[in-house]
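Handing you a structure now.
Labels for the chains are A, B, C and D, by order of writing; each one numbers its residues from 1.
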């Protein structure tokens, strides 16, 4: 039943462009994502406050205010469409009725906007992966699993257009792998644990989506790739290690699509560039306008190929001009206006702008370099030539390291002496990854702390 | 001694472009503004807190933290240069020693950055126009005037590269003119009062700059044009009225240059587009990345011709990623990277990007339309054909109204029925402005409340 | 509606000052009750003006012209009203805090409140706490509206509220605050009764607080 | 410097665990004082590692390897140290507040503190206030480090501090807090003793508080 991706949906770098994807996603209201235009995707969250029965009226007020603010600004700036991502906080997933209540509140406001202003919108709802509230995580059964799936169902019923998640299977191992620079553990977490959990999880999510006629959009390896990027930004780990992890998240996130996700993939999933190349599904991305949520070395290049353009998230605090969500909305509208204006003028113009985005960042940081459309196509091709998630992840590591080395030789990037030392060390680790998945699992098994990870949750 | 501008420094729209100005401004450290590159200009301010002897240690800490944050991020993102604007709060101008102390603190941090990271920077210091603490304003003498000029001197000595101000002569009349839709009062405030005060004020500022070898940069009609823009954004006044006021601020702000200012003009002065066309001086501007400070309908088009690109101002509050000044710095760096990358690829590429910025906004709002380089050149030419500030302001009104009407006919903008009613009403007012300045003053005199405005402060 | 009342209503909506004054006089001469003239002729006209503003048909300048027409009408009506003992909607003392020179936001709020038949005592800008206290006492105001546009002056609002408390007037007045750097949270934290994010919402806020 | 001490220093900097253990044993056999081995051999090596990290020469993974080498050396040294009665820099109880599952920031802080010879008791994530209190009591900690990564859990830090107060332990411990949504202001407002914007500054903060 699972789909197998064996060739790229996008083959030519000149077909790899913002706003256009081979398999656009159309909503019931007619809004099409990936059909020629980039739309803003706004995300907002509560200011510092707890969520409990006493504060729920205030929580409702906050969301009502935020959706009111952003829809008002979108109308004033004549946006012709946009998406709202509602990323549930843990407490709103732990109490699925609350999560669904907020979904309904957002839905109603967006429906009102459609009626009064003829602006077409999309509501993406992203429950939190609360399964890790058990330590070690219980991924397949128990109260947290039940509540999480119930939350998906209730939010689907409450009016979500898209469902998504940032799932965390394997993260219990991967956090340490990042800060230890442990490539094997990272491959194990992503290529074995994460990928297996994705298969389990997305089969369920897709079936819920079918039941309620909602679109299964995609997953994000945020807890893996973005954790690494943020740590690299703080100089805790080498940038080259963060870039490598990013490429290694691709096979894991691809599993959602093998199980039936269709996009638009999640904003914070920078592996989405590869997902778009492989699957042809539209993707959301984020960059300069998401600096409110995380700093990054890829603020412009991330604009090369998105179909939705996001601010990641911003708290409802007051800035001099307006609320921070209003400010984000305005910034996203200007950013997407520019891209769409270029597209209006024809593909040559759009490609020229895309190349400015690319060339702005790609030489300055290896994490930007791997988002180059040509680089992503090349690595994607190598990754999907392998048959399994493990082998794809191993190939992602080997191919990315090779790519870094060549890029350095071609002077397309400039790695420091220290980064080059790491390039060698990581290559030595990668070269030791066995061909056989069983052998690899057998190697890794004794290194794992049963207090941290429960292998039976992964059918191991 | 005053310079007279009688022809445009920029004649051809294809020479009117971001990053390049006919008369670049070079600092002692070699940083050149308007010499081919657009640099970020970051501005930041205190979070909600008072300024008094007890809080001054905290004020110092805040500024130290903000300058530390933005210089760190600029270095991490390999910025090759940037400007910091330090806009003094009223209390820091009322106590010039405090204002100068913060100037020194910023200077030292920027000098350290130059030494450790080889990043060239510029420090613009903008004292507050505290003369309006007298009501009616005492513009030419008294304690506030003395303190303000002393503040300029002390800040020059403390290490400012540029001095600037957002002066307010005439604002005591103009605020009411805006909300009453009173064109004659607006012309009087800008073309008679404001322009006379600018002459007095800038003669002084330029002489202080000469004495301390500091660059007199420019003024902003912020309290006029931006007040109107913000009120239009809130639907309090018609957009067409705000656009008209913007054009009418040009002769007033030009006076600074007639008296010896050389640029870069102030970020919030959107009339700077016209100033650049007329004088050839470089300018700062702000747009999408300044949404933190004010919403606007000109977020992209403002990127068409700036030499410095600013965030206007942001309080030192914490966002999810980092402090708000850090976030602004990152956004400005990405915005300017894109422009500079286009410039690197040649003038054709830069013009293509410029045109995307222009076409993004120009049809959507008349306030954006008047920032079109071709429109600004045309109106500037008509304005400077007149000999005096009054006649130039009157011409600005007549020419702008004519321009709006033609733009509507050519369908380059779409004015609503209500805006068209205002276009007619404003035209009727403009047509009644007499040729003679004396006659106009005589007409206006009886309408003025001596409790509000002191005409002797304007040699009237 | 009576022909004269309709004419008053129309002239206020269209901002015809002298016409309004004239028609008010005619209505009085005709023996129409002053309170009826006020409410059905003018206050309802100002509501219509507010509606036109909400709809985007009118801007503030038009509202101001209508408000001026109403004032003209009122000046004719005043003697008759005094006898009839009519209450204004409420008395509001308004000002920008000390250290802050920003005028226009405060003026807009004042203007909107006047349009809604509040009596507005405008203290101007850079107003020290004592002057707010004094003005409340002198005028018997029910509402104090305080404005601040700077992050460095917003905290001075607290000083105004403390001075009002210290003068024993806190229970007599509702305090509303506004200005760009403020938030509802901040308003609550300094002990204000209400916060309005923009001038046009201040009227509804003021009305709700003294309802 | 003594040859063996130099070798210990070197092996810790380079993260050679077995070499460190071996050289510590040799130094002890040679009769070098345990405290001298600790301070001149290992603690100073970890300072050098910190310096290399600040310089960008080392990353966290290298620091971890060095820290592990130091642990190996310590395990050899422990019996001799016990006699000499050496104090650790201090004891720190660390955890992420209840409702919050974020691990990695807390782990980094713990790791940095261990590198600076603090004894770290890690309570993990989603830690209820009682467990912080209990751990302070059981371990006689001088410092409590609390982490929160969510705007919805940052307020739970206040609950932890209140529980510590209620247990009468507030004067025994310094409380430091950290996490993305926090600010120095917030830390002060909930009554913490210190705030660190990132993990690498937490060590200096901790040291300054118990100095």
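Here is the rule we use: a contact is a pair of C-beta atoms (placed from the backbone, for glycine too) under 8 Å apart; a residue touches a chain by one contact, two chains touch by 3 or more.
As the structure is a computational prediction, the values presented were derived from the model and not from experiment.
Enquirer: Give the label of the chain whose average Cα location is farthest from that of chain D.
Expert: Greatest centre separation from chain D goes to chain C.
Enquirer: If you average the CA atoms of chain B and of chain D, how many Å lie between those two points?
Expert: Going by mean C-alpha positions, chain B sits 51 Å from chain D.
Enquirer: Cα centroid separation between chain C and chain D, in whole Å?
Expert: Distance between chain centres: 61 Å.
Enquirer: Per the centroid of Cα atoms for each chain, what is the distance between chain B and chain C, given in Å?
Expert: 34
Enquirer: Which parts of chain B, given as residue numbers and ranges, touch two or more other chains?
Expert: Where chain B meets two or more other chains at a single residue, that happens at 47, 315, 317, 320-321.
Enquirer: Taking each residue of chain D in turn, which ones touch at least two of the other chains?
Expert: Residues 151, 181, 186 of chain D touch two or more partner chains.
Enquirer: Which label fits the chain touch graph of this model best, line, ring, star, complete or other?
Expert: Per interface graph, the chains form some other shape.
Enquirer: Going by the touch rule stated at the top, which chains touch which?
Expert: Final set of chain pairs in contact is A-B, A-C, A-D, B-C, B-D.
Enquirer: Can you check the complex and tell me which residues of chain A touch chain B?
Expert: 73, 76-78, 233, 287-289, 291-297, 299-300, 313-315, 317, 319-322, 324, 326-327, 330-331, 333-335, 337-338, 341-342, 345, 349, 352-353, 356-357, 359-361, 364
Enquirer: Can you tell me which positions in chain C touch chain A when the two form their complex?
Expert: Against chain A, chain C makes touches at 151, 180-183, 185-186.
Enquirer: With touch defined as at the start, can you tell me which chain B residues reach chain D in the complex?
Expert: 47, 317-318, 320-321
Enquirer: In their shared complex, at which residues does chain D touch chain A?
Expert: Touch list, chain D to chain A: 56-57, 59-61, 64, 99-101, 103-104, 107-108, 111, 124-126, 150-156, 181, 186, 198-200.
Enquirer: Inside the complex, what are the residues of chain A that reach chain D?
Expert: Touching chain D: residues 45-51, 89-91, 132-133, 135, 175-176, 178-182, 227, 231, 234-238, 241, 315, 416, 418, 422 of chain A.
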